[in-house]
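Naming follows writing order (A, B and C), and every chain is counted from residue 1.
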């Protein structure tokens, strides 16, 4: 693989919450460098602060210490593609309405933004459902809308927060293939958060394992396997065991 | 098969309950010294008031007079109530300033305003509209502000992350998310407003169903009273049916399962 | 760092508190001035200070409406509590049973649907003619007003019971009665209490209406007399008392709820 330039540099990032006479240290001294156009997976157990980390990257939350540097300059609010675990679609807007909403906020004229939205609706394979309300769609289809909406920001950085966490296993596998297909077709820098080891190995160019109390970076793995990867491959299983043995158990 | 028999039995129970009700009514109304009119007497009276005017108006006109008061008051209650509710729910500062005042006024039942309103506005149309307004306004404000505060924070985050400025966040995210709560408020407001108009008309009016029912009381015309009670009940039921239909139209994502 | 954030929050809180005080001061200040200066005539409104004076006066004096404030209050609260408690005792079990047993549902629901849309106030004339204007008559009207929400909410509470819970109980061999008492009733408590809360407010507001239309004492009667005598101060004292008592009753009910259904909090 050619040498890629650094896209996002997270330096010494810590986050502490001050609640009523209680101090909760969630993230401590996190250092991560994200390369351009790579598919980076942040793997960590539930409740370990992955969402907080993502929210800080998206500027929805502020770090207590440290910084997130975007080498091309911090994108303005609305210029980052974010996919949420619970979809966070606007239930009163149609598929089209949801996908075009970012461009609408930016004041793009209707025709132009709908044209762009149409492109991404087709990218996620939802043509024909433009005028459906999200509640009429299955979970997998709803998350496709979420992904199309994120792509429609035209951001070259995509943050995905356990996007397939709420889906059943079968849908999950096919969505994993879908997200890879989209990424191959329209290369962007992807930061994909998950708590699922197999998903991490299946998808990631690199896997950053998070863990500990407070959460820090434990280890980095590079699955040296060509895509499409095979869940039952020996190398796959070996890496899986290695990661599992290194993971904090959360019961 | 068994289920079918069951269904029929339950149906029979419903019918017999209504039959029992009518029989009970007939029995009581034929008792010595009773004030209750018989069902036929009530029906005859109903036919009469449909065409013969009391206080220059037939029953449908009285109903229309009451309804008009409610509708006019409603236009104000909905616009002012939603705006105030959004203000209270959306802005901490606005809430700090107006919230306590609203909380002071809120526990006073709208009906208790009637004497004061009559002193201020007399006993004309304005007074009645103001009373209905008070009756409807509170629940709209409450539901709107509670609805805004109860929005899933994730939707707000999503809106922000997608680049909405504060105004867009309110108009495109917070407001639509609150519509179901607002409609629930309007539903409560409508039944409360209808009750207020009847109460206000009972206390001082020359027309309207509330006036008519009191006229029945004053002249010992119990058949008229029962006709009015039924008319008031039917209008109230129709209003709430109409509103549930509206809910389906206005926010299909909440009330209509398209699946 | 933590202290810094706390300070910021404290500043914000202080700012909001100032706004609250400002709002209240402005409201009562403008009210006072507007009446004093004569922009609004004394016949239409009295000053807040006058309201307080009348309130204190009414604690000991029966003029001009025949009873002290406390006697009015007592008369009203007695009636409303009586009707309200009766409605809860009859309405909640009825609603629960209607929600659970199909036969009860088929029998009572049609009857209930006939009565339900009629606002309690519309019952007043017929009740006055048949029962007079005494204790019975008023309790009956208050009963109707409080009864409807009790039944509706208890009924819904049972209907909304999570089917999974019922299935679990069934596989553990619970009888129908056991499912009703140990699963459906506890899980419906949330709705039941909502109904009781609505009932309490409805009974209080209906009582005021009943007292305004036909009574010789009570807070509703007091404000009605205030209107006849064109005494805004008497009306306002009555309204404020009605509001405070209503709010207090709601507060007591919520204390009671915390005791009976602590899982709600």
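By definition in this document, a residue touches a chain if its C-beta (ideal position, glycine included) is under 8 Å from a C-beta of that chain, and two chains touch if they have at least 3 such contacts.
Since the model is a prediction, treat every value here as computed from it, not as a measurement.
A.B. asks: Among the remaining chains, which ones contact both chain A and chain C?
C.D. replies: Of all the chains present, those in contact with both chain A and chain C are B.
A.B. asks: Between B-C and A-B, which chain pair is linked by more C-beta pairs in contact?
C.D. replies: B-C
A.B. asks: Which integer distance in Å separates the CA centroid of chain A from that of chain C?
C.D. replies: 50
A.B. asks: Compute the distance, rounded to whole Å, between the mean C-alpha positions of chain B and chain C.
C.D. replies: 17
A.B. asks: So the centre of each chain is just the mean of its C-alpha atoms; given that, what is the distance between chain A and chain B in Å?
C.D. replies: Chain A and chain B have C-alpha centres separated by 48 Å.
A.B. asks: Touching two or more other chains, which residues of chain C qualify?
C.D. replies: none
A.B. asks: Okay, in this complex, where on chain B does chain A touch?
C.D. replies: Contacts found on chain B: 152, 154-155, 157-158, 160-165, 168, 172-173, 176-177, 179, 251-254, 257-259.
A.B. asks: Considering the complex alone, what residue numbers of chain A touch chain B?
C.D. replies: Going by the criterion above, the answer is residues 55, 58, 60, 76-80, 82, 84, 86, 88, 90-93, 101-102, 104-106, 132-136, 149, 153.
A.B. asks: Mind listing the chain C positions that touch chain B in their complex?
C.D. replies: 12, 15-17, 19-20, 22-24, 27, 43-45, 102-103, 105-111, 114-126, 128-130, 201, 204-205, 208-209, 212-213, 220, 223-224, 226-227, 230, 232, 235-236, 238-240, 242-244, 246-247, 250
A.B. asks: Using the touch definition up top, name the residues of chain B that touch chain C in the complex.
C.D. replies: 6, 9-11, 13-14, 16-18, 21, 34-36, 92-93, 96-101, 104-116, 118-120, 191, 194-195, 198-199, 202-203, 210, 213-214, 216-217, 220, 222, 225-226, 228-230, 232-234, 236-237, 240
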